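In the two complexes that follow, chain A is the common piece, with chain B as its partner first and chain C second.
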Partner chain A sequence: MIKLATELAARYGSRGWHNQRPDLASVQIDLSRLHDALAWLKDNMGYTHLSFMTAIDNIERGVFTLTYTLRNHAWNDGKGHSLMIHADVDRSKPEVDSIHRLWGQAWTYQREMKEWYGIDFPGSPRVDEEFVLEGWEGPPMMRRDFDSLAYSDATYAERPGRVSHDPETYMKEKLYPEAEA
Partner chain B sequence: MDIKDFIAPFAVWKRAFEKPFTVNKPIDERPGAPRYRGFHINDSARCVGCGTCEAICMNKAIDLVPVDALKPDGGDSGLRPRVDYGRCCWCALCVDICPSGSLGMSNEYLWVDRDPEVFRYTPGVEAKPWDGAELGYRRADGYRLLEEERVDMPELDHHEAVKSFLELVRGYSRQQAEKEADRCVSCGVCVASCPAHMDIPGYIRAVREGDLEQGLRLLYETNPFPEACGRICTHLCEAACSIGSGRSADGTPTDPVAIRWLKRYIADQVELADYGKALPRAEAPTGRKVAIIGAGPGGLAAAYYLALLGHGVTVFEKDEAAGGMLRYGIPEYRLPYPALDKDIAWITSLGVRIRYGVAMGKDLTLVSLYGDYDAVFLSTGLTVAYKLDVPGDKHPRVLDGVAILAAATRGEPLGLGRKVAVVGGGNVAMDAARTALRSGAEVDIVYRRREVDMPADPEEIMEAKAEGAILIPQAIPLEVKPAEGPDAANKATFVWNLAEMVQKEPGKRPVPEPIPGAVVEKTYDSIIAAIGQGPDLSYVAEGDGIEIRRYKPVIGPDGRTSRATVFAGGDLTNDRKDAISAIADGHRAALAMDRLFAGKEA
Partner chain C sequence: MKKQAQHIVPPAERANLDLDSGKYLVMWQGPNHPGITGNMSLRLVIEGDTVVDCETHVGYLHRGFEKLMERRLWMQNFPLVCRIAVPEPDFNEYCYAAALEELAGIQIPDKAVWLRTLSLEMIRLASFLMWIGGQAGAFGHGTIGQWTVTMRDYVLDLFEELTGGRIYHMFIIPGGVRGDVPPGFLKHVLETMDIIQKNLDDVELVMFHNVVYKMRAQGLGYIPPDWIDHYGITGPNARAAGVTRDLRKDLGYLAYPRLDFQPITGTVSDAYERSRLRLAEMYQSIDLIRQIVANMPSDGPFREKLPNPLYWKIPAGETYVAAECTRGEYGFYVVSDGSDKPRRVAVRGPSYTHAVSVMERLVRGVNIADVAGLMVSLHTYPPEVER
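This part shows the complex of A and B:
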C-alpha cells in the first residue's frame, strides 16, 4: 500500500493518503489529473471496478468534493482493497471530465450528480436527462444552500383549510383571556 | 446462427421457480426496515404541544391544532402536531428535535386512498393502524439536537455557606447565560404558568442576542422586581418548560431552562444608573392619587404601574424599610439587600413616595384615606404567625419564625441558643432553620407529614438538609413543657408523637395518624413555630364597606373589593402566597384603577 501511495503521489501528485481500514484507503488528487490517475489505477494497478461515485457539497470551502470508490478485487489473495479518490471542483463552475469511457456505468452516476448537485460531465451520455426528479425546475436540491421551505412555498399550492396555532397565544386565549397586553 | 442464440430464450426459464423480487400484495408483506421513516406516531400523553416540530420542519408540513379532549394547563398547550403528507419529506428532523421525545415514526409506508384530503392527520389523536408500532424511526440513543443539561450555577459549598449570610447562588457569567439561553426553543408554553405572564421567550432571546437593555425592558413590562424574582421566584415557568419534558438516556428528566437565573442575569448586568436608558419614564401627572397600604412586592408593583401611568402614589409602610416579606421574610443568603434595594430604588425613582413607620389602624384609618385619595390598594400581607396550638405554646422559649427572620434582617441578636427545633414544612420554616444554623445552632425540623408533602421549595429543603438541619418528619406536636435540669429557665421541652400516614379518603392526600405510645421528648433552647401566618385585618372597620369572608377581603378578578375604589392583592388575598403572584395582583389592580379613573368602568 505504501508503494502504491508513493507511486500515485509521484505520478499524479496525490496527497493525504489515509488508511481508514486495512482494506480501505482514501487520497486526494487535483481535478486536472483525476482522469489520468483513474485510468492508470484501472489499467495498471488492478483497480478495475468502479463501485461508487458521489459528491459532497463543501460549501464552506466553495467546492464540491467528488468521490470515486475503486476496488481491486485481487488484492491480498482475493480479500480485496478499496480506494476512495477525492477531487475538489470549483463550486461556481462545476465541470468534470466524464469517465464513462473508463467505466460504462459511470454515466448513470454522472447523470444523477448533474441533477442533484448541478455538476456537469460534458460528453457523458444522457447527462441532461431527468434522473429521478420528474419535472424538477428548482435549483439542484442536494446543494446545501437549497432552501427547501422557499422551494416548497414557491412550487406547491397551500392546502386549503390548513391552520396552525402558536402555543403562547392559544394558551392565553384559553386560560387568561382577560389579561391586557 | 450461434447455438447460444438458440438456447438463450430458454435460459430464462431456470428462474421460473425462484422467489420473485416483486411483492404480491396483499398476499406477501414487505415491511419497512426496522428504522424506516414511515408515517408519524406521537405519544399524545407525553407530547406537550410546544410546536418545536413545527418550527424545525423544513417544508411547513406541520400545524399545531387544538384537540378537543385536551385542556391547556401548566406545561401542556393542549395543541398537537398535525402532519401534511403532501409536504412532508420524511427527513425526521421533527423526531430528532422533539423535546419531550413523544414523536416518532412507524416503519409503515403503505397507505392508499382515493381522497387526497385524508393524507393529513394528527398522530396519536386520530387512530391509525400503525399507532404503537414498535419498529420505525426513533431518535438514536445519545443523539440530541437539544442540550439536556442546564449550565451549572456556581454556588457556595454548603459547609462554607452555613458559616455566613453570603449569597449562596453566585449568578451566571455572560458566557454561561448565553449558553443557557441557547437551550430555549421559544415555544412560549411557560408564559401561561407565570402568574405575571412575563414574556419569557422574549427576554431569553434578549440574553441570547446580548441585548440586555431590551431584556430589562421586557422584564419591567410585567414585573418591577427582576432582581428579587431572579433569585427567589417560585419559578412555575420552569415546571412548565418544554425542554424539561424529556427523558435523558438514563431515564431522569431533562433539565428545564434556568429561566429564573436568566432573569437574574439581565437585572444583575444592567447598572441601576443605566436603567433610565432602557425603561420608560412616567407619563405626565394625571392628578389622580392612590394610597397603597404595605410596601411589599404587591403594593410596590401596583405603585410602579400606577406611577408609570402618571398617577400620584403614596405607599404607607409600617416597618422602617420597603420590601415586605422579600426583606423581612427572606434571608439575605437567598436575596441580598442590595439586590432588593435596586428594584425598590427604580420604583421610587418614578416619584413613588413611601411613608415609613405608619401602621394602619394605629396611625391611620381607611376612612381617612377615602377622602384624600381616589383609590386605595390593600397589600398588608400575612403578618400574624399561627400558634402551635398545643398546651404550653405560650412558653417564652417558643418563638415565631417570621419574627426571627425579621430580627435577622434588622441585625438584632437572635438568642436562639445551641439546640433549636423548627416546627413546620414551608419556606419560612426552612429559612428559619437555615438562619438558626448560621447562628451556630444544631437544628431539628419537625414536620407533621412526609418530606414529599412539605410545601417548601424542594431546593430549600435540600439546602437546609445539606447545611446540617435534621429533618424529623411525621411528628405531630403534643406539648411544650418546662425543661428540667440545669439552666431549665432558658430551655423548653418539646413533645411530639410519631405518626404513620393513613389514606383516609381515596384521591386525597394521606393524613398523619399518631402511633400509640410513640411519643418523643427533646429539650431545646428555642422552639421556632413556622406553621403559617394569617392576616391582621383589625384596621378594617365595619363602616369601611369592605366585605371580608374567611379572613380575606372578597375581591373580583381585577382585585376590586366590595368598595369600588378599594382594591386588594398579594398574600392578603392570594392563595399562592408568593412574590410573583403578588406582583401580578398589583399590576392587575393598577390597570383596573387606571380604567376606573378613565371612566371606562363605573
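This part shows the complex of A and C:
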C-alpha cells in the first residue's frame, strides 16, 4: 500500500493517504487529475470494480467532495482492498469529467448526483433526465442549504385538520392541567 | 424438441429508433404489474414480440432516507436504515451498526458476533425463499411460490421469537444485538431448517427439472464474464459467470472466518444458472445456520454498554462497511463530522447497477413474455436504488 500511495502521489499529486482499515484507505486528488488517476488505477493497478460514487456537501468550505470507491479484488490473495478517492469541486460551478467510459454503471450515479446535488457531468448519458424525483422543481435536495420545511410550506397546501403542538406544553395541558393552575 | 440455449450479447449502444414509424410499440411494464419486482417500471420499446430498447424508471419508493439521516441522531436512524431493503433489513442494520462501531472504536462481544451472523444467514434464507417464488411465478409456476412463501413465513416466525418483529427486526444495534436467544429458540431453528431443506428438495425436483422452466430460462439473460467489473456486478449474478467473489469469504467479517464454506460458482451465466446457484446458496445458508447453532457460545454478554444515545457524538471520520447480501455487495458509507448526527450516509445496493445499467442492456432482444423472468433472475430491489 505504501508503494501505491507513493506512486499515486508522484503521478497524480495525490495527498492525505489514510489507512482506515487494513483493507480500506482514502486519498485526496485534484479534480483536474481525477479522471486520469481513476483510469490508471483501473487499468494498471487492479482497482477494476467501482463500488459506488457519491458526494458530500461541504458547504463550510464552499465545495462538494466527490467520493469514488474502487475495489481491487485480487489484492492480498483475494481478500481485496478498497480505495476511496476524494476530489473537491467548487460549489458555485460544479462540473466534473464523466467516467461513464470507464465503468458501465457510472452514468447512473452521475445522473443521481446531477439531480441530488446539481453537480454536472457533461457528456454523461441521460444526465439531465429525472432520476428518482419525478416532477421536482425545487433546488437539488441533498444540498445542505436546502430548507426542506420552507420548501414544503411553499409548495404544498396545508391539509385541514392537522394541528401541531409543542410537546412539553401539550403534555402539561392534557395530563397535568392542575399543575398549570 | 430440445431448445438449444443461445448466448446472445446485446449491443452496448442503444439503437436509434424512429418511434413514429409505426413499427414499434412503447409499453410500460410497471410500476404496478405482476411481472415487476417491487415498485419500479420498465419503459419497453417493442418490435413484434421482441424488446428492442428499455429504460428503467425508479423513484416510486423514494423516501429521502439519506437526507433524513443527516438530521437525526445516530441512534434515531435505526428505524430508517432497516427500511431501505424491505426483505433484508438486517444487512442495513449490520452495515450501519458496524460503521458506527468502527468510527467510535467499539468492540462487540463474541456472543453478539455469532448472533449477528445467525441473523444475517436467516434473513438470507428468507429472502431467497421469497425470490425463488417470484422466479418460478414469472414463468407461470405459481405452486413453487406458495410453498416457499410458507417456508419464508417459518423463518419470519423465528425472527418474531428472537426479536419480536417479523419484517423489521432492529436486532443488530451498535455495541452488539438487542437481546439473547430465548429459551428453546435454537431447537426451533434446527427444526425449521429440517422442514425447509425437505421443501427445497421438492422445489429442486419440481422446478429445475421442469421442461418449460428449462426451455425458457436457459439462454435467457446471458451475462458475459467481462461485464462483471465493467458494470460492477456482484453476488450470485457474478458468481454464476464463474467469478469466485463472496464478501463473506473475502472480507471475513463477523463469524464467517470460523465457518466451513466455499463460494459457489457457476459457468453458464444465464437465468437458469443463476437460479440454480441461488438454490445451492439456500442449502449453504441452512448448513451455515446449523454450524452457527453448533458453535455459538451459550453464555456471555451480547452487548457493549454505549453512551447515552441522546448525547452520543461520534468522532470525525469516514468509513465504508460492506457485507454480502443475497444480491451481492451491500454497503454503507458513513461520514461523521464529530457531531451527534451523520454528516453523510450513502447506501450502496447491488440493485443500483443490476436493475438499471445491466437490465437495460440485457433486455434488448428478449421476448416480451420473458422480461419478467429475466428481471427476477437479476434479483433486484428498487428501494435500495432510490433510498
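Note that in this section the second predicted complex is superposed on the first by the 162 of 181 C-alpha atoms of A that agree within 3 Å, B and C clash if a C-alpha of one lies under 4 Å from a C-alpha of the other, contacts with A are read in each partner's own complex, and residues count from 1 in each chain.
Note that a residue touches a chain if its C-beta (ideal position, glycine included) is under 8 Å from a C-beta of that chain, and two chains touch if they have at least 3 such contacts.
Just so we're clear, the structure is a prediction, and the values are computed from it rather than from any experiment.
Engineer: Name the chain, either chain B or chain C, that contacts more residues of chain A.
Structural biologist: Counted on chain A, the partner with more touching residues turns out to be C.
Engineer: Contacts for A:Arg33 in the overlay, against chain B (first) and chain C (second): which applies, first, second, both or neither?
Structural biologist: Touch partners of A:Arg33: none, neither chain B nor chain C.
Engineer: Which partner chains sit in contact with A:Val163 here, chain B, chain C, both or neither? Use first/second/both/neither.
Structural biologist: First partner only.
Engineer: For A:Gly78, using the defined touch cut-off, is the partner it touches chain B, chain C, both, or neither? Pick first, second, both or neither.
Structural biologist: So A:Gly78 only meets chain C here.
Engineer: Can A:Ser148 be said to touch chain B (first), chain C (second), both, or neither?
Structural biologist: both
Engineer: Should A:Glu178 be classified as contacting the first partner (chain B), the second (chain C), both, or neither?
Structural biologist: The first partner, chain B, only.
Engineer: Going by the contact rule set out at the top, does A:Leu133 touch chain B (first), chain C (second), both, or neither?
Structural biologist: So A:Leu133 only meets chain C here.
Engineer: Do chain B and chain C touch any of the same residues on chain A, and if so, which?
Structural biologist: Of chain A, residues 148 contact chain B in one complex and chain C in the other.
Engineer: Give the list of chain A residues in touch with chain C in this complex.
Structural biologist: Going by the criterion above, the answer is residues 20-21, 23-24, 26, 48-52, 54, 56, 67, 69, 73, 78-80, 82, 84, 103-105, 107-109, 130-134, 141-142, 148.
Engineer: State the interface residues of chain B toward chain A in the complex, per the touch definition above.
Structural biologist: Chain B reaches chain A through residues 49-51, 54, 58-60, 62-66, 71-73, 77-79, 84, 86-87, 89, 120, 187-189, 191-192, 197, 201, 557, 591.
Engineer: Show which residues of chain A lie in contact with chain B when the two form their complex.
Structural biologist: So the residues of chain A touching chain B come out as 148-149, 152-153, 156, 159, 162-172, 174-176, 178-180.
Engineer: Quick one: which bits of chain C touch chain A in the complex? Just the residue numbers, please.
Structural biologist: My answer: residues 12, 58-59, 62, 64, 66-67, 102, 227, 229-232, 244-245, 250-252, 317-320, 322, 329, 331, 333, 335, 343-344, 346, 348, 352-353, 356-358, 361, 385-386.
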